[in-house]
C-alpha cells in the first residue's frame, strides 16, 4: 500500500474492505511521505519493519524483486491525486497489478499514458469508484441497460457534501488541505473529488457516454482556490439530457450521492445513503422497491452475487468497497489460473480513469469559457 | 369563475379550496367556451341558470352591474394560459378583485400591462402559486430570511412530473392538449406550467432574485412542439448559485416539487409530496424536522396560522391552496373595512406574475442562444 | 349540527369535510351547552339567529317540523361521548338521518338501543370512523379481502398520540377535560378515544372479527382517572393473532395510526401520517407501493373513486373525512331517489358503533380481571 | 471457532466482523459435526490441516495445550443453541475466554452454571447480542439513562422477520431445520432466536429490568412444533409498561428490529434496518435526528467511538457486529496488560445470557398458563 498512514480517511477503508473476504493480505507499505509516520503506521498494522518503507519508489523497487511467495500481487495507491500517476506508472512497469484511488491522475495526458501501459501489458487495474460496488447499483445498471426502462431520456445525478462549508483546510484538516491545493488536487477541487464519482456512476448505470456539457464551477467559500461547488448541464449519447450537481459546501449533506434515470417506460432512483433500496417506478404499476440480498429471482444473479448477508441486515459503504476488492482479487486469480473473467464480477478500470480526466478537463473549460464543451 | 367546467383539473381544486373556510361562495360562472358545458357545469354546482354564462365577457359585463349584495367581490380565472390576460384585464377594469391561475399571461408585455392597472387602481390580485400556501413553506421562508441559515450560498430546486411521458395530447387528454399548443400555452410548455412554480418558490423562500440563468429546454417526446423538459443553471443576487430542473416526462414522478437551500450555518429541504415536514440541518447539531401544526413556539406564529388541525392529521394540497383563498379573502375584507393587512397572511400577487413572465422569456432565450441570459 | 362550537377541534373538521364536495350545507345548529357560545358560533358560521339553538332538544323539536325545503336531511352530532346517545335517539325518532362521532355511546346497552331503531326505521347512520375514508385504506381492505395476501395470520395495529403526556386536563385544555372525566368520556379514556379507531380499522380492513383479547390499561400520568395507555393482545377469527396498542402519552407521537396485516402470500403496511402510500410486500417480488390517485388500473376502482386530485398532490385528513360525508350524502340521495346504494361508496355505520362498545367493554374487563375476555 | 462451516449464516458474519479491525486472527476451528465439512471449511479459510478439527472437544483439548504464541486467546461458539452450553463450559474450564452466540443455553440452569464459572474464574465472556454494537443504540442508551427523556413510561419493541412464512425447515433450509427442532433450539423457536434480542435491547437501552409479562406464543404455520410468532405485554421496573412482539412469519419483513422508548420529556425511535438514524422527539421542539459518525459533540463520545468512517457512508450490520469483537478484544488486551477496562467499550456478557434464559422461561410459561408471569 502506498499512502494511507495515520490520519488518512481512505487508507483504513481500503484495508477494511480488502480484509473483509479473507482473500487479500497486507504485506508491505510506504504509508506516508513522513518516514516516521510510515513506520508507525506499518507497525500498528502488524507489519515487520523490513516491509515498511519510507518512500514508495524504494518499496516498488525492493518488493518487485522479492521471491514469488513473498512478492505482493498488486500495489494499492491511496495517496493524494498528484501522487497517483508516478507510483502507478512504476508499479505497472515493475509488473504489479494496481488498485488506485480516483481521479486517476491530474492531467488527461498522464491518464492516457497509464492506459497505454495497462493495455499493452494486459495489467489488471482497478480504479476505486467504489459506489459501483453496491448491489443495487448493479441492479440499476442491469435494469437500465436491458431495456426495461425503455428509451432513456433524462438523468439527474448529484453528489453533495457539506464538510467544506468552513475553510477547514486552514485549521489542520489534512483531508481538506491537499484537496484545496491545486498542486496536489489538480485542476479541480470538488469536481475531481466527488464530481468524478457522479460522472462515472452515470455512465456506469446508463451505459451511455456524456458527450458534452455546460458547467459553472464556483468557490463559494471565500478565498478558496479550487471549486467547492459545481452545477453542470449534461448531454449524453442518443439525445439524453440531464443535470450533474456536485458540492462540498452543501451544509448538512453528509455524503449524498443520488441518481435518477428516466426512461420512456420506467425510471429509477438510487441513493448512496440508503443503498440497499432501489426504487423503480413504472408507467402503470405501483412503485417497486428492489432490496439488497433478498435472493429473489427478480433481484437478479448479479446483484445477489454482491451481497453477503440476508436482506434486512444493512450492508454499507465498506461492504460495497469490499466488492471491488473481491472482484479484483477474483480477476487476478482468474488471469493467473488462465481462466475467463466472469463479467458479472466487474470493477472500474483504467478506461473509467481516462473518461474521468476528460470529464474534468471539459467541466473546467466550459466553466471558464461559458460555453458548451465536448468531452 | 371563468373556466373550470367539466373536465377541468384546476377548476374543482379552486372550488374546494375556496369553500374550505366558509368565507367564499360561488355565485356565478362562465365555465367553458362551450355554452352547453358551461350550463351543465353551473347547474351541477347548484347555480341558478341566470348566473351561468356562455361567455366570460358577458359575465363580467352583467355581473359588474349587479346590486352590491349580489355582485361578486372577485373574479376567479382558471382558463388556459392564453385566456388569462383579457379576462383579467376586463375584470380589473370592471372593478373586481382578481384571483388568477399562473403563469399570469403569455407575454411579458401583457403582464406589465396588468401590473400597471392593479397598482394604479389598488386592486387585490392573487396569482395562484399555491405551493406558497403550505405552512412549512412559510416556515422555510422565515428561517431563511431571518438569517438562521447564515449566508445563503446554493439553491437546488426541481419540479418533476411524468404525466407527459407519452404523447397524451393526441389521445384526448384535455389538460395536455392546450399545454402542448403554443397558441394556448404561450412561449413555453413545461417551464410555463411548472417551471414558474419552482422559480417563484425559490424567490419566495430565499427573498433573493434570480438575476441570470443558462438553460437547455428540450422536447424529449418526439414531435412535441413545446418544451417538456428543462435544465437550468441559476444565479441569484449576492452570489448564490444553483440549479432549477423541471420536467413533465420524468416518468414515475407524480408532482415532485422539491427545494433545498444551503447557507453558511444551516440548510433546509422541503418536498411538496411530504409537505408537513421541513428538514433543517445545522453545522454541529442533529438534524431537525419541523412539523406542520405542532403549535410549538419554535414553529412560529406564521406557520401555525396556516394550519387547521392538530399535528399528525395530514394537511395537503387543497388545504395549502385554501390558505391562498383565505388570505386573499382576509385582504379583501381588510381593505373593505379600512384595516391594515397583516403581512403574515400573504399570498402571491401581480409582481410574482411579472417576475414569472420575465423568467420564462429569459429561459427560452438562453436555450435558443446557448448563452447566459439576464432576467 | 349538535356541538362543535368555538373551542371545538372536531366541529370545524366536520364542517370543512362536509363542505368540500359542495353536496352539504350547514343550516342550523346547537353548537354548545352554553347558549352564548352557541349563538356566537352560529353567527360566525353565517347562520341566521332563528336557526341557532341553545339546546339540542329544542333544535330537533323545531327543525323536525320545518317545511321540506328547509328541514335538514340529517343531524350531525359532534359532542363529547356521553352526549351521543340521547341526541342520536331523538334525531332518529324525529325522522332524521344521523352522522355521529365515535364512540357511539358510553354503554353497550345504549348502542344496541340505537341499532334497533336504525334497523327498524331503515335510517342512514354514519359513525365517523374517518380513517376508513382514505383511498389507501380502501385499497388495503380490497387487497386483504380478495385473497391476494393469502391466509391472514397476524395483525399489528397501533394508535399512538402524545398530547396527554402532561396533565393538560387541569390546565384549561377543553379537549382533554371531558376526555379525562369518566362521566363524560365513559368507561375508558384512551381506548374509547382512539383505541376504537384502531379496533374498527382492523375489522374494516381484514373483514374478520376480533373475538377475544387480553389487555392491560394504565394511567401512566399520575392521578389520571381513566386509562391513557393500553396494550392489548388480540385474537381474530380463523386463528389470526395480533397486537393492538393505543396511547395518548406516547410523547412525540402526533397521530400515529398504523396497521400491518401479514398473510401467507403477502403483507401490507398503512400509516395515517403518510396516508397516500400503501406498502405491499410479497413472497418473492420487490416491495410494491400503491399510491393514491394514480388512476392506474392496479389501484382499483374503489380507491380511485375516493381521491379528488392527481397523484402527488397530497390528500389528507380532511379529504378522507370528506369521503365519509360524500358517501353518506350519496346514500341519502340514493335512498330518496329509490336507487340502489353502490357498495363501493361505503361508510361506517351503526354496527361499527355496537362493535366498538363491545370492544371497550371487553378491553376494560380484561384489564381489571387479568384474563382473556371474549368480545 | 466452533461451528460456522459451509452453509452457515452466522459463521461468516463472525469471521468478517472479527477481521474488520485487524485485531483478531482465525487460527483453528471445528467447523461442523461433519468431519469433511469441517475440513473443507477450514481449508477454504486458509487454515493448515492440523488446526482443523472434526470435533470441538478434540479442538479444545489440543489447542489448550499449545504454546503461548500459538494458543488462541478465545474460543468462538457459533453452533445451534443446544450446542452452546457444553463447548462454552469446556472452553471456560480450559482457560479460554469465550465469544458465544445467543441464546446462551437451552435451560436457565445451564446458563446459571456458566455464569458461576465465568464469575469465579474472571473470564471474559461475550454473548453476541450484536445489535448493541450499533453507534445509535449506544446513543439511545445514553440519552435514556442520563435522564434526558425524563421518566420512562412506555416501551414498544418488535423484531419481525418473514423467512419462516413457509415450512422451509422441510425443504432443506439448514438455518430453519435446527431452529424448528425443540431438541436443538430449546424450549422456544422465534422467541429464542429473535425475541431474546428484543428483550436484551430493551433492558440494554432503558437500564430497567422487565419484571413480569403476559404472552401468547403461536405456531402460525401449520404443523410447526415451536413458536414462530409471539405477542407479549411487558412490565418493567418503576411502572414502565410496554409490548414486545416477535415473529418469523411476518411475511415481507426482512429483519425489522425496532424499538421506541417514551418518557415524560421525550421519546426515541431506533430501527435496525435504518441503523444510522436515531429519532428523538421532544415535548416542544422539532424532531431531532441523530446520525452515526457526524463527530458532533451532541452525538457523544461513546457513539462516535463505535463508528469507523465519516457520516453518510452507511455503516451496517457487520460493522456493528465488529464493534462487539473490537470491544471484546480490547477487554482481553486490557486484562492481559493489567489495565482497567473503559466502560464505553462495552459488550453483552454472561448476565445478558442468564437474563435471556429467564425471559424465555417466563414467556413460555405465561403462554401455556394464560397468566402474568414474573421473570
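In order of appearance the chains are A, B, C and D, and numbering begins at 1 in each one.
Simple rule for what comes next: a contact is a pair of C-beta atoms (placed from the backbone, for glycine too) under 8 Å apart; a residue touches a chain by one contact, two chains touch by 3 or more.
Predicted model, so just to flag it, every value in this text is computed and none were measured.
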What chains, if any, are shared contacts of subunit B and subunit C? A, D
Looking only at C-beta pairs that count as contacts, which pair of chains has more of them, A-D or B-D? A-D
Measuring from the mean C-alpha position of subunit A to the mean C-alpha position of subunit B, what distance in angstrom results? 42
Between subunit A and subunit D, centroid-to-centroid distance (C-alpha), Å: 35
Counting in whole Å, what is the centre-to-centre distance of subunit B and subunit D, each centre being its mean C-alpha position? 54
Two or more partner chains touched - positions in subunit C: 253, 280, 287, 291
List of subunit A residues in touch with subunit C within their complex: 280, 284-291, 296-299
Would you mind writing out the residues of subunit B in touch with subunit A in their complex? 153-154, 156, 158, 162, 165-166, 214, 216, 218, 220, 229, 231, 233, 235, 239, 241-243, 245, 247, 249-253, 260, 262-267, 280-283, 287, 370-372
Please name which positions on subunit C make contact with subunit B in the complex. 9, 12-13, 15-16, 19-22, 45-46, 161, 163, 253-256, 272-275, 291, 294, 308-319
